[in-house]
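Quick notes on the structure that follows.
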Amino acid sequence: MVKVGIVGGTGYTGAELLRLLAAHPNADVVAITSRGEKGVAVAKLYPNLRGIVDLDFVAPDIDMLASCDLVFFATPHGVAQSTVPAIMATGTKVIDLSADFRIRDIAVWEQWYGQAHAAPELVENAVYGLPEYNRSAIAGADLVACPGCYPTAVQLGFMPMLQAGCVDTADLIANSASGVSGAGRQASVANLLPEVSDSFKAYAASGHRHQPEIEQGLTDMASKSVNLTFVPHLLPINRGIHATLYANLTDPSVDVQALFEQAYADEPFVDVLPAGSHPETRSVRGSNYCRIAVHRPGNGRKVVVLVVEDNLTKGASGQAIQCMNLMFDLPENAGLSAPGMVP
Amino acid sequence: MVKVGIVGGTGYTGAELLRLLAAHPNADVVAITSRGEKGVAVAKLYPNLRGIVDLDFVAPDIDMLASCDLVFFATPHGVAQSTVPAIMATGTKVIDLSADFRIRDIAVWEQWYGQAHAAPELVENAVYGLPEYNRSAIAGADLVACPGCYPTAVQLGFMPMLQAGCVDTADLIANSASGVSGAGRQASVANLLPEVSDSFKAYAASGHRHQPEIEQGLTDMASKSVNLTFVPHLLPINRGIHATLYANLTDPSVDVQALFEQAYADEPFVDVLPAGSHPETRSVRGSNYCRIAVHRPGNGRKVVVLVVEDNLTKGASGQAIQCMNLMFDLPENAGLSAPGMVP
Amino acid sequence: MVKVGIVGGTGYTGAELLRLLAAHPNADVVAITSRGEKGVAVAKLYPNLRGIVDLDFVAPDIDMLASCDLVFFATPHGVAQSTVPAIMATGTKVIDLSADFRIRDIAVWEQWYGQAHAAPELVENAVYGLPEYNRSAIAGADLVACPGCYPTAVQLGFMPMLQAGCVDTADLIANSASGVSGAGRQASVANLLPEVSDSFKAYAASGHRHQPEIEQGLTDMASKSVNLTFVPHLLPINRGIHATLYANLTDPSVDVQALFEQAYADEPFVDVLPAGSHPETRSVRGSNYCRIAVHRPGNGRKVVVLVVEDNLTKGASGQAIQCMNLMFDLPENAGLSAPGMVP
Amino acid sequence: MVKVGIVGGTGYTGAELLRLLAAHPNADVVAITSRGEKGVAVAKLYPNLRGIVDLDFVAPDIDMLASCDLVFFATPHGVAQSTVPAIMATGTKVIDLSADFRIRDIAVWEQWYGQAHAAPELVENAVYGLPEYNRSAIAGADLVACPGCYPTAVQLGFMPMLQAGCVDTADLIANSASGVSGAGRQASVANLLPEVSDSFKAYAASGHRHQPEIEQGLTDMASKSVNLTFVPHLLPINRGIHATLYANLTDPSVDVQALFEQAYADEPFVDVLPAGSHPETRSVRGSNYCRIAVHRPGNGRKVVVLVVEDNLTKGASGQAIQCMNLMFDLPENAGLSAPGMVP
């Protein structure tokens, strides 16, 4: 059994880790921290876990965390970078679900997150936790930077075409939409039900923090620079990300459907739908699957890729557990095989 | 492995059986029928099951069903009663999720469902599938009539008080509300999203088909006649039932909180919340749990019981699997231990 | 034109006053205050009012407010009571949408709201703003205490029976449910969309601040003491209140449908539906109507009354404008005749 | 008063016409037809109109309709074309909300709608009812073809740039999303609340009926051929359309914000938001406004235009009334000045 600690357990990704790990045959959560809820039973904050998770929140403690085999950080950006070094020093592995170790260019990170980075030396050793791109590196990693929710969907949707080199990388568009849980579990007016329910809007159309992370990944995949227009939108749903991607084929003879089917043929969590399909976010609700459909309207050079994932699962905690499985040589889908919940 | 067949697989309870049985360690679905979708892959109708359920819908066939150890009927009322006798004749057990075998008084059934009953002789041998009331009888049953969604919540909420004989059975009120999946998966105008979303209403306030089933159960529990006012409401949510029950204590000295805690102390799926709690339907979303809280405003003789369940799980398919586990001597919670999905 | 000021314009009832008054032929909003948003255009906070409301929020100023004919207070409880005396001293009339002047028994108010009352002397002169009960007093009032959202629905649903003296006042039940806007527009975790969407729960089942207000009103109507069980619930919708009321007839020969139809025959905003109906909250969405249906299951002594209103309109700002119309001798439905928005 | 008839009153656009015309000072609905609901009170189908609309549905009757000044067709495609000629023969004007007269190329219409056109001779005289493009022609029209909901949003969002000739017309993208009421009020499984709630998907990504209508309009505006990629999505909301438009500037020196502000400076129903804004669909809920924001990420050549409208109002019935106002020389905003309903 992998002995697991979770830092920052009161947010949605922390709760999702607990929900998923409760069904994991090879992992055991031994500690979950929260400064604010110290001493409170997890099941009091998350009644769905009553009778299933028997832990109380504890204050973060380096020794206790260092006694784990693996610590997940489900904290806001800026937290992991100051604590991770001490934990890793003892040989404990770390998977960070925040943005702290995702961007290799420290200056870019500091610009978008508005603060100095506290552990830049760790960034270059951190492995970007997208198994479909980085599987073997993840398996050998001590520190994994789990991708953001939007970046996972957008990268998985563009990857086969970028690796095949069949699209114009100077004009990629990612029109994406996320459920409100993507905004986290902080008190706010903006995400009250009466503010977002029965409505829809774009946000950050002129620049979003996930943009440099996505561009870094797409550039890696394409092995050349890319130009991405990324417009996120807010969906009045709990969970789910939908990405509608647009690219121009440089070679119109490519069979894009076949390209995607082959690229993901062996992937346990990427499901390429038959031609003509339209994936629904609910088909992956609560599951670690990512579903993709490819369209080519009028059989022209424009390719439209539709991608769905659950922002809390494949977009965060599920993917983190998939990385854990790789790091500890467990079956990659251990604890992650539940289907999406419909309806 | 229990060899399972499902009749009527295109509705929500059929799909929920498939979703839950996919994670069941001791059961194997070998056939799922649908006249309308014969030959279609289950995963085409329910993309969340792609890669998980590999069956096609088949036309109902008695021989094929009779070769199963157990057949679930997830059909509209009136269907099971005409097919069940032939299937049971071969020794196959049956769990019917419809209303066909729930009501012992055939005349009452025929009045509420507006048709003659095709297999009245089976009704008296059918066991009412509420494990918390009927566990040992279910274990020995060949035919289980699975309770309705409203009846499960209402009966579990009143049972401890009726068995203790501490409330006035002449004035029981069940103010209940259900998510829209409770209305089934039939084409209709009434349940279109623009008709029910962002709205709320009561329905059937003067009489609902679940009323005689609930009254039969409450009468059994109280060992005397009861008078129930039952008003269902339609919630603009996918899944979930909430029952707010009102009763008058005949003995104000009763400690109602303790009564409920003791009554359900050993139940794997009934969770009595601490005093002062208010259960949320989301805490049981997709799970087989039923959560109950008890209030006594102003410490008077009025008891208010709050009950939540998932109408498709504990209110239908989860409970059916719980019955299967009992009938086949499996751990009662086999395949049913997943927590509710929050958020 | 009535010259109108609004104190506390950033919350939902303030915004609803602006939306409704924009269409009022005889009123002109000249000032709207907010300490926090001082200097900000109303249309920046509420883009739906762009091009329609041309005001900026200003800091509260007694002289400016006193120059109005009427000031609405759309503030949290505790605010109006400290400012109203100075404003009224100049002859300006006041309609308070908060709880400050609703409860005649100061001690009860102080107990439920946890603070000393700053203007108890005004409470006895305040007129309770329920036009259907108090029309002539409102017409002559200088200070109106606008009823709460739950109290409006519950009182209108019980009133005909209490005035007729045909129900047992010792056992009244109000099972009510409100949309989330009823909780106001404050930053909170509890009312984030991912916390309340696709879910349902009761709250404050052991005691809610609206209980003493409702009991005071029902007692007035019945001319005798009443015993009310009041259980509010939270609906995952923007707007709307639904009350399901239960009472026992003392005289089973009463024609309850006729009683309600006669009681409200001349009311411009109370619509008694035909026998057998079930009102939907959406039928009054954004409108000042209250719709009521009466049921008597099994023709017994239990009466079930179903009431819907929009919590922000008839339950708050619409009713406040209805009171304004009465106070300034305008047509009672001036500015309030728009139908509910469906879908 | 304009004497108005409505053909096809049971759908959402018919109901929206009634809701809006109830507040119109210069129009009087004298007849509303429905074969299926003949003899039924409008208020029975739409309880929000109780006490406001006093009509019963009647069977369609040419003489009766011909006695009106104006007839709105709120029918499925194919209906208006067979009835309109007889009505217009008597001098009655017609506004058709369906697709029957929108597309000038009959062959294209017949291809997308799969039937022969019954009145091709009327198509060339029909005026496309987009006031912002076609105001004077509408004022003189006898037959107006009201634009579709998607086409209105997309055309208003591209128009200033196409008329200025500053974007590459060979690569326009309209990523659009609509509330479920856009699918109409027909019994279906696909649009049941449990099928679409808490979910999101694209549909018709390889081709949608609105595409040729949009392309025709954009071509007119650009005075040259355009190449449009149009991907519609289904939002789990009642009403609202959001379009996210992408285009490449041919001249990067253009001040796009100023271009839009000038283009729509005098438009009563198009509101260009300040730079940096993101319009929400709720800001136009139930109103005839269209709100637009313009972004240019990284100040590059890609322009992102965000457009919101209510699909039933500016996208259908409100726009139809705006056309009526022009045709009958009424103030263009008569009956249409209500703000969007928030929350």
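Things to note:
Read from first to last, the chains carry the letters A, B, C and D; within each, the first residue is number 1.
In this section, a contact is a pair of C-beta atoms (placed from the backbone, for glycine too) under 8 Å apart; a residue touches a chain by one contact, two chains touch by 3 or more.
The model shown is predicted, which means the values in this text are computed figures rather than measured ones.
Contact count check for B-D and A-B (C-beta pairs in contact): higher for A-B.
Distance from the centre of chain A peaks at C, each centre being the average of the chain's Cα atoms. The distance from the centre of chain A to the centre of chain D, each centre being the mean of the chain's C-alpha atoms, comes to 39 Å.
One inter-chain figure worth recording: chain B and chain D are separated by 45 Å, centre to centre, where each centre is the mean of the chain's CA atoms. Taking the mean of the C-alpha atoms as each chain's centre, chain A and chain B sit 36 Å apart.
Across the assembly, chain C contributes 12, 181, 194-195, 197-198, 236-239, 279-280, 282, 285, 343 as residues in contact with two or more other chains. Residues of chain A touching chain B in their complex: 12, 15, 19, 22-23, 46-53, 181, 197-198, 238-239, 271, 273, 279-280, 282-287, 289, 291, 312, 337-343.
Interface residues of chain A, counted against chain C in their complex, comprise 12, 179-181, 185-189, 191-198, 236-239.
The part of chain D that touches chain A in the complex is made up of residues 171, 173, 175, 177, 194-195, 197-203, 205-207, 227, 229-231, 233, 235-240, 242, 244, 246, 248, 276, 278-282, 285, 293, 295-298, 300, 302, 304, 306, 308, 343.
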